[in-house]
Structures are given as C-alpha cells and as structure tokens.
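Just so it is clear, A, B, C and D label the chains in written order, and each chain counts residues from 1 on its own.
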Amino acid sequence: MPDLAQLNEFLARDFPQTRCTVVALAERSATVRHPGRGGGAAPGGTVSGPVLMAVADVALYVAILAEIGIVPLTVTTQLSVNFMRKPVAGRDILGVCTLMKVGRSLAVGEVALYSQGKDEMVAHAVGTYSIPAAARAR
Amino acid sequence: MPDLAQLNEFLARDFPQTRCTVVALAERSATVRHPGRGGGAAPGGTVSGPVLMAVADVALYVAILAEIGIVPLTVTTQLSVNFMRKPVAGRDILGVCTLMKVGRSLAVGEVALYSQGKDEMVAHAVGTYSIPAAARAR
Amino acid sequence: MPDLAQLNEFLARDFPQTRCTVVALAERSATVRHPGRGGGAAPGGTVSGPVLMAVADVALYVAILAEIGIVPLTVTTQLSVNFMRKPVAGRDILGVCTLMKVGRSLAVGEVALYSQGKDEMVAHAVGTYSIPAAARAR
Amino acid sequence: MPDLAQLNEFLARDFPQTRCTVVALAERSATVRHPGRGGGAAPGGTVSGPVLMAVADVALYVAILAEIGIVPLTVTTQLSVNFMRKPVAGRDILGVCTLMKVGRSLAVGEVALYSQGKDEMVAHAVGTYSIPAAARAR
C-alpha cells in the first residue's frame, strides 16, 4: 500500500490544481493540510466553503487510496458537508478523515475540518467513493 | 430585488475567485454557467467534483440573493452533492437552482448540474443557507 | 417490469409494517401515499419526521423496482432529508420520487413530500440504493 | 439541565411511539437504545433503515435537550444517513450522538449506530436541529 510520500507524489502529479498535502496516515485514517493563505480565500480572508469541500474530498480520497492502493478511477459519488464555524483567517486548514467502511464497491468516511490550533471543527463532511471493479479484482 | 446584471456585478466584486456567471433568473430560480475549459479541470479534462460543488454553491447563493436582496452575510450551512455522470470534457457546466423554502432564518434549494447541451444531470445538490437577522429585519 | 398492482402486492407481502401504497407510476417516477391519521403521529397530530423519511425510502424503492424489476436485495445506502414545513394535521402524505440515475450498481433519486392538497413541499429527500450484482446480470 | 431520568420521562410522555430509551449522557453526547426485537423489523429480522433513522433522530434530539433544556419546539431540519452494514438480527441498536455545534439557532451532531456488542457501525447519521427563539432567550 502507498505511503505518505507516494500519496503526495500522486497528488502532485495527477491533481496539480489541489493545494493540499498529506501530513499523516494511520489505520483507516488520513490527515491533509491546506494553506490558509493564497488562492481561494473567501471575503474576510478565510478559507471559502468550496475550498473546505475540496479539502474534505482530498482527505477522503487519500484515506481510501492508502487502504486499497492508488486506483485513480475511484470517484466520489456523494459528499455532504456541514459548515459550522468561520475558519480563522490566515490559518491552515487540517482535514482529518476516518473511514467507516471500505467495502467491495463503496467506501464511506467522515472528515473533521479544523483551523490549525483550534479544537472546534469549522466543518464536517461525510462522503462516499465508488471503487472500480478493476481494483476489487486485485 | 437585484436583477441579473446586479448579481453578476456583486459576484465579480465580492467573489473574484469564482468563474461562474448568472445567466438566468426566474421565480425562486437561478441558472449559473461555469466555463468548461481552464482552471480546475480534473484528470481527463472534465470539470472536477469540487468545482461542481462550487457551482452548486454559487447557484444557491444567487437564487437566494435574488429573493431576499444582496445580503453578503448569508452563509452556507449545509451542502450535499450526488455525483452521477462524468461531465463532458470541455463543455460548460450549467447549474439550475430551484428554491424549495425561503424562510425567516433558513433557505433551502436544490441544484441540477448539466454539461451544456446534455439532458442527463452530471450532479445534483441540495443546500441550506442561513439568513442573518439583519436581512430578516428589513 | 412490475406494474402498480404488483408493486403494492410486493409491499404488502414483504413490508407489512409500511402503511404506504403506490398510487402512480411513470417513466422513472413513482408516487406513494401514506395515511395522515393513525400510527406514528408526532406531537400536534402531524406525521412525524421519521415517518416522512420512511415514506421517502419507500417511494425511492418502488420507483427503482419499477425500472429494474422486483429485486428484494436492493438496499438503501444513503438517504438525506430536509424538513421544511410542518405537515398539515390529519392529511395524507404524498411522496413523489423522480429517479436521476439508474446505473449498473447504484440508483439515485429525489423525493418531494407533500401534505395532500398543498403546493409547498413539507420535506425533500435524496437517496441512493445499491443494486445487487444478480439484478445487473439479468 | 435535564438528567437521564427526566429525558426518559419526556420521551415516554411526548413521544409514546418511540421505542428508544436514553441509556447514557455525557458532555455534548447521548446514547440511546432501541430493542432489536418487535415492531419495525425488516425482511430477515433486522432493524429496518427507517427505524435506524428514527433512532438517530431521537439520539440527536436527546443530546440537544440535555444541553439546552427540554424545549419541545426544537425540530429536525436536516438528517442524512449512510447505511453501511446489515444490523445483527435480534440485537438491540445503540445510537451514540456527539454534538459538533450548539449554536444560537442551530445545533449539529453526528450519530454512530451499532448492533449491540459489535465494533463496526451499521449506520452513521448527521443531523441539524433548529432551536426556537424562545429557548435562546432563556
């Protein structure tokens, strides 16, 4: 299964538009970081809602690939996000994904999103990925 | 209430990072367009999932502002997206929002997302926005 | 493919606990009715939230079975409901399902829920069902 | 704030149709139990999807009332459930709610649902409740 460096190489090569990096992997869990400054800031300088959704999507994707191997055809089928607090302006966003199911054809996980250094989530996401038959056959 | 030109001016000024424009308004409904080429393309040249989520979010926002007036503090509290088909590479994305409720403190709507010229949705979103007390008092 | 009478026989036999009946079928669409009086009333005599969710689930299930045939192992994988207005006390609930995708392994649909005779939705649901391999092989 | 006995009395009096009881309360958390036998069984004797949704709804409701006091007008505005594994036939269901936000007008929480004695969730829910102005004024 891919390690942290291999997942970051994969992201950099196949998703050059993402600004996320993988910062930790654990059993059925992955943590990604998104810079708090630069592109995509919402009015007021905080990270925007769509960027939080993109961070959740990357965190889920990486957590699943760490379990099943780098299978690029794995695709998001559903993503649901609750936005709860305004991110702290200028702070990096951390997305901590915990997988709840890695089945034969579907994987489901949740992602807690934080402004770095704060205890309260800024947002929480739950998502489902479809795993292609080719990956299941391995 | 703001018209189409005023909503596009508002988007351009307050959300310079969005690539969406408002192309139609109707009773409790708004349609936005996102270019099919340029930034944010997924592997294979199609519009990525996070970009579809951002289009849904803008369509909802614009549809609500067309009903309640330009109230910038209106914020997304929940957004749920089902991804159903791969967008056609290079085609613009259209997001058609229909509001289901515009209440005193919450507005709820759905968004059908299409590759231009195709009948089948690429994705479908449902979202909730919180309306600030100041807007309600008007 | 099963007709309305066959779907109602199937519900009565395999889901004796449901109080829903199928009242209309159309291309990729099904309408079910739930009585407004009797079991499951919420405080105030209206149909409760969990009952609305159950009606949405049955409407989706019936709409899918009308497309793929009666495949009992088809199961809900995700259901998301927005509750928007209080149902009218004592009125039947109508759930109108429109399928957005009937794929090889997943079907996705939305359900508009109404108090009979009222134009505004009481709730709106979006759900995903997993279709077993056996059904796909037919 | 109400204790466990008071919450169970409230459920028994105002929600006689629920079969759930509150079995534990903690900081921003509540656990409810639903019997694994009796009404509402799905084909195969397991607890049905709609019953799991109802358990999630009660767990959220109780967790919120334990924080803000017994405010019966508090209502569900959104509930999203992922169904991941078949519940074990005949086993009680436990729903463990953790609140993620208790704001002035909205409360958001997640609920992990288990067949008693099993480590893997059968389902996972995220829900939002609207808190009435009267409660906020206290």
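In this section, a contact is a pair of C-beta atoms (placed from the backbone, for glycine too) under 8 Å apart; a residue touches a chain by one contact, two chains touch by 3 or more.
Just so it is clear, the structure is predicted and the values come from calculations on it, not from any experiment.
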- Task: Would you identify the chain whose Cα-based centre sits farthest away from the centre of chain D?
- Result: B
- Task: Specify the angle of rotation obtained when superposing chain A on chain B by their C-alpha atoms, rounded to a multiple of 5 degrees.
- Result: 180
- More Cb-Cb contact pairs, comparing A-C against C-D, go to C-D
- Message: Centroid of chain C to centroid of chain D, CA atoms only: how many Å?
- Response: 23
- Where the centres are mean C-alpha positions, what is the separation of chain A from chain D, in Å? 28
- Task: Give, as an integer number of Å, the spacing between the C-alpha centres of chain C and chain A.
- Result: 33
- Query: chain C: which residues touch two or more other chains?
  - Reply: 77-78, 80, 82, 84, 128
- Complex contacts: residues of chain B adjacent to chain C: 80, 82, 84-85, 100-101, 103, 108, 110, 120-121, 124, 126, 128
- Message: Touching residues of chain D toward chain B in the complex: what are they?
- Response: 77-78, 80, 105-106, 128, 130
- For the complex, which residues does chain A have touching chain B? 14-15, 17, 39-41, 43, 48-50, 53-54, 57, 72, 75-84
